[in-house]
Amino acid sequence: MSAQCPECEGTIALAADILDGEIVPCPDCGAELEVVSLNPVVLELAPEVEEDWGE
Amino acid sequence: MLSVSIVGGSGYVGGELLRLLLGHPHVEVRQVTSERLAGQYVYSTHPNLRGRTELRYSPQSSLEPCDVLILALPHSSAAKNIEHYAGLGQAIIDCSADFRLRDPEAYSRWYGEKHPAPHWLERFVYGLPELYREQIRSTRYVSGVGCNATAINLALLPLVKAGLIDQTKPVVAEVKVGSSEAGAVANDGSHHAERSGVVRSFAPVGHRHTAEIMQAHGLENVHISITSVEMVRGALATCHVFTQGSVNERDLWRAYRAAAAEQPFLRIVHDRSGLHRHPEPKILAGSNYADIGWALDEATGRVVALCALDNLMKGAAGAAIQCLNLMHGFEETVGLEFTGLHPV
Amino acid sequence: MLSVSIVGGSGYVGGELLRLLLGHPHVEVRQVTSERLAGQYVYSTHPNLRGRTELRYSPQSSLEPCDVLILALPHSSAAKNIEHYAGLGQAIIDCSADFRLRDPEAYSRWYGEKHPAPHWLERFVYGLPELYREQIRSTRYVSGVGCNATAINLALLPLVKAGLIDQTKPVVAEVKVGSSEAGAVANDGSHHAERSGVVRSFAPVGHRHTAEIMQAHGLENVHISITSVEMVRGALATCHVFTQGSVNERDLWRAYRAAAAEQPFLRIVHDRSGLHRHPEPKILAGSNYADIGWALDEATGRVVALCALDNLMKGAAGAAIQCLNLMHGFEETVGLEFTGLHPV
Amino acid sequence: MLSVSIVGGSGYVGGELLRLLLGHPHVEVRQVTSERLAGQYVYSTHPNLRGRTELRYSPQSSLEPCDVLILALPHSSAAKNIEHYAGLGQAIIDCSADFRLRDPEAYSRWYGEKHPAPHWLERFVYGLPELYREQIRSTRYVSGVGCNATAINLALLPLVKAGLIDQTKPVVAEVKVGSSEAGAVANDGSHHAERSGVVRSFAPVGHRHTAEIMQAHGLENVHISITSVEMVRGALATCHVFTQGSVNERDLWRAYRAAAAEQPFLRIVHDRSGLHRHPEPKILAGSNYADIGWALDEATGRVVALCALDNLMKGAAGAAIQCLNLMHGFEETVGLEFTGLHPV
Amino acid sequence: MLSVSIVGGSGYVGGELLRLLLGHPHVEVRQVTSERLAGQYVYSTHPNLRGRTELRYSPQSSLEPCDVLILALPHSSAAKNIEHYAGLGQAIIDCSADFRLRDPEAYSRWYGEKHPAPHWLERFVYGLPELYREQIRSTRYVSGVGCNATAINLALLPLVKAGLIDQTKPVVAEVKVGSSEAGAVANDGSHHAERSGVVRSFAPVGHRHTAEIMQAHGLENVHISITSVEMVRGALATCHVFTQGSVNERDLWRAYRAAAAEQPFLRIVHDRSGLHRHPEPKILAGSNYADIGWALDEATGRVVALCALDNLMKGAAGAAIQCLNLMHGFEETVGLEFTGLHPV
Amino acid sequence: MSAQCPECEGTIALAADILDGEIVPCPDCGAELEVVSLNPVVLELAPEVEEDWGE
């Protein structure tokens, strides 16, 4: 099973037993994605806190 | 003796201010604040000052009136309490970005929030003596400067003043910076094994200091990019500019000499031989110099305008003391005599 | 087994070639030359190879015929003796700049002298598989690549292929480089106390690799600048490009995916979180990857196109072995499996 | 294929284990745990592995049975749950200090607390093949080694085996170490601006690894001291030993050759000329070699016994894989072929 | 104003002397010699001095009489021409090792040749004010100090003075040093790609500075070892000493306080918390402090005595100026006020 | 006495006893300059070998 990343259009392989509301990361762009529906699987960007990652 | 207190004295800018003020002949350091470390000796965090002072950190709540209050706090702390600080210090020098922009709109655009005290913006003078010396002499409120902004502003100064820049073409400025720019608080990215030896695109686009360059030089078409490199102190701005009309080495010498004249902390570095042909940050650690220079590609009209400085000195604490000297009629260079080391 | 000899084996590129070839399952290293060190064990200068080989340096005068001769000599040595080398090696891979440019005029312009063997230029294929894979498969003569040129060429590749670059605006490329780029011979500038910790404008204008970028991508309006930083291996190209038409993140993902597809050594690094959002050279030491990525400033249409690599690997020896593999029908990645270290 | 899972896979030892296992021809990595990062791709924290695996971190709660479980957890986590782990892995290799000492008393003395599972101590073999190869071949439980302890143990091995040490005189061992020894978690002391460029006495006295040296070599009069230096990976042990009877260079060559014979990862480095006369850590990054050597002061009978290694390799993950190979009858060096880089 | 000339002014010690003398209120720098660079501006090699002086190098042949001649020449140059120099300078401070030992026999033993001017040895005072302040005040001839020797001598000073050392047991001193110790001349070993990031046993046995320690403290059973680390300036001596009788923390505090009393450049660093518990060289770059401290292992009676300093300052030029001040009745600290940087 | 640098137009202070043919460096741009005439003093760029100063 797979779905598309709304951020980068990457293909995301999904486990067969994925749950509604589960958070999965995009392997390409690292976005945190929320499963918002299951049939078909739709992913949306999960709300993120903007990290301060440097100087 | 001028009585000076430092608010946010346990940070890297605070520590550098303290080092400079302890060696300043006309200043007495009154208080140095840290909430976290109140009661501790200042040399517990600034180990270079061991043996130089017995001062201990005070909490802000015990701050007393003084002649000059220097603020070295994180973003927005100064702006939120400016009335309070203005009640304590006859004069204020704020090292943060809170009062650098004159235009509240620009502030909102670049900082993503409304300015907490917009009417105070016009009372502050931007603390870059190379542009605003006379205003600084006659104000009580000076804002600090962005370290990367200063490197770029001083790199471009000679070309802007001489009107050499073709403003239809983009000005691209790449700044290479050290780790002390991020301050004294550890985070995942500052962990030595991760940060050591990097050449890391830290802010390839969207850096807020862009606003200070636009304001200082009236340039619109300017694009900056910050890369972290292996270094603790220092910044080198490499600015790519296209000239209008054809320009040769002698034109540039004239432009640079004009810009550096009467500027005690600008040195022109443009040598035909030797190892040190262009400005370099490492020999500037601890010094207030900004070294400026250039390379010219006559075939394409590109000038690579360079400026090296110590982000904690000319890019922060040194600039603040330079302003303090101007505000109080002292010799501009007093307390800022250290010339930097070599080799280092 | 393919018999391979390395000419100029005591240098940094030579040593890296040797390390790779000793681990290559289809290759037997026949000879390794050094004039200066003839007779010495190769691990006297390449201490990492101690215990891995008992090879000793040969002088060039004792070179024997072999399947592949890889040249890792200073500028112009290969070109001057190309007939001689072609008599010894069935195939030749030359890591120097001697046979990189197709156009003898371009050579004269950038290298300031006539090419010593201009008729050989057309026989060589430029050793960048990402652009010339098919030609490399079917040639006997491959030129190496410039390390800085490769960092810039691969940084720009996705944008060029997708036609996104507004060529009326300058492309400005800043490359940050380590000290091994200069090879193994000490000079005043490489003295540790002088070179350590620098951010030194080494070639702010006029760098010869510009010619390789023009040739590879057909770009005219490209301007490069090289800055030495504290690092031994590695290069990061930071290329400022303005797009034609408006471009968004998804457009760029598409362009980068298209460029990286089927390229075993191109990895896209463009992460929304974590420490490693952009390509970085330090984790690539010893690996043949070129990591590519970008940052987009939607407001101005500026794309900062990034590429990190190890100058001795993808920028020299690794690229040479990749070409060797292609020329001989081996798996493209064989002998180049090392993935790099972290932390490092 | 052996199925192997790594517990504590997001740390520095865990990441190095993963790198090695992904390249190991007889191993399939089953699971890699991290509580903090469960669900994330392993390359989010180990960026060198991008493109090499699509594994994601599992929480420990979802661990499944496997052939070998390798534990890379902080001090005392392994000991507290050893029964649980023993139920999951047919074999266990624990990289922590929990099962290194055979004597529960020694554990209490050096770690200041009672061992949580003292009866397990005798089941574990200390994972230093140079001393315990045969026992490792025939056990299911192997403890990792202390990185500093290993540097000292291997430095002293030739002298101990040859009976050259005058045990009435103190053996003083100074280890210079890099920042990765402290693991992946940031703290105030690991902040780049503080940690960079240090020569910092980290454990001048009282280091716990002393116990491992006493246990391995039966030395009582041994005194160690750890100094942090500017380096990410690597350790150099400089051990000062006084010999009994007079000893010359040839005696030492004999002792070192005897100790290194049949040891695939011990290299003797003792050269009369060149830059690399003594063992040095920097060329060992990523490699499993321990380079050993010495200097002799004939006048005083002092031997300075040296050992350089990569703390994450021969000092941790590499040693673990070497043991895994021995335990399963594989070639001892398989998966550990990387020879290190030069220059670097 | 005292007129001072520097012979060998283009080297690292020469440059540091010049930096200090230009900032010294009672000194006028008369001449600075370099044969190689005669006629060039001094800032061509000492780029930190740009803007501070217009002095140019003189050849030695044009040296004029002056009050103080400071020699910063390679080994044996001073001794060979001492009569000539004594004719030029009222007073002489020689930074080399030529006049450090009082005993010509010791000189021959450690330097492997007869002293060229043995009768001059007794006229020189060893320039370590912490031991010979009064003699320095009343002499015209002062020898400089070895940088490693000084680090060890000052580390041991408190223990020697307090009579705490068990001299039947060896004193083992490990010094970690930066690259500037080797001076300004490039060689194969100082090539950045080779020297960078090393932990290299530079003189594990046989270092000549041993003689200065024996002479200063009358210790016979002392064993030193020098390791080069990644650093430009600085040295840390880690000295392992066994005490006679049982010694506790308070005894050591007393001994250290007694030794540091009245010594303006000795600071005791022995903190129970924070990052800077022990002496560290990096914060001392450019400063004349020697920071001293210790760690005690009560169980074994081992004291690890530590001293950090800047080899070019307290280890060479700073010590020389401190002597100059004493010789001429100036405040001992004048011209040496720089306190060092943090972070750095 | 002073003269102008032909490279950068900097002012170069000259010793009173300067000789014809003497080489002086420019304090600003580091150029090596040759004294080609004395009355008035004229300076010209001295021939230089292009150093290789780096990588």
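The first chain written gets the first letter, and so on, giving A, B, C, D, E and F; residue counts start at 1 in each chain.
We take it that contacts are C-beta pairs under 8 Å (C-beta built on N, C-alpha and C of every residue); 3 or more make two chains touch, one makes a residue touch a chain.
These numbers come from a predicted model, not from an experiment.
A.B. asks: Between chain pairs A-C and C-E, which one is joined by a greater number of C-beta pairs in contact?
C.D. replies: Between the chain pairs A-C and C-E, C-E carries more contacts.
A.B. asks: Write down the chain pair in E-F, A-D or A-C that repeats the interface of B-F; the criterion is over half of the contact pairs matching by residue number.
C.D. replies: Most of the B-F contacts reappear at A-C.
A.B. asks: Among the chains, which has its CA centre at the largest distance from chain C's?
C.D. replies: Centroid comparison gives E as the farthest chain from chain C.
A.B. asks: Measuring between Cα centroids, what's the chain most distant from chain D?
C.D. replies: F
A.B. asks: Measuring from the mean C-alpha position of chain A to the mean C-alpha position of chain E, what distance in angstrom results?
C.D. replies: Chain A and chain E have C-alpha centres separated by 62 Å.
A.B. asks: Distance from the CA centroid of chain A to that of chain D, rounded to the nearest Å?
C.D. replies: Centre separation, chain A to chain D: 39 Å.
A.B. asks: Averaged over CA atoms, how far is the centre of chain B from the centre of chain C? Could you give it in whole Å?
C.D. replies: Result: the chain centres lie 38 Å from each other.
A.B. asks: Would you pick out the residues of chain D that each touch at least 2 other chains?
C.D. replies: 12, 44, 180, 184, 188, 193, 197, 230, 232, 275, 280, 343-344
A.B. asks: What are the residue numbers in chain A that touch two or more other chains?
C.D. replies: Residues 30, 53 of chain A touch two or more partner chains.
A.B. asks: Going by the contact rule set out above, which residues of chain B touch chain C in the complex?
C.D. replies: Residues in contact with chain C: 169-170, 172, 174, 176, 188-189, 193-194, 197-201, 204-206, 223, 225, 227, 229-231, 234, 236, 238, 240, 242, 275, 277-282, 295-297, 300, 302, 304, 306, 308, 343-344.
A.B. asks: With touch defined as at the start, can you tell me which chain B residues reach chain F in the complex?
C.D. replies: Within the complex, chain B touches chain F at residues 249-250, 253-254, 268, 270-275, 277.
A.B. asks: Help me check something: in the complex, which residues belonging to chain E touch chain F?
C.D. replies: 39-41, 44, 54, 56
A.B. asks: Which positions of chain E touch chain B when the two form their complex?
C.D. replies: On the chain E side, the touching residues are 12, 15, 19, 22-23, 44-52, 179-180, 184, 232-233, 267, 269, 271, 273-276, 280, 283, 285-287, 289, 291, 337-344.
A.B. asks: Of all residues in chain B, which touch chain D in the complex?
C.D. replies: 12, 178-180, 184-188, 190-193, 195-197, 230, 232
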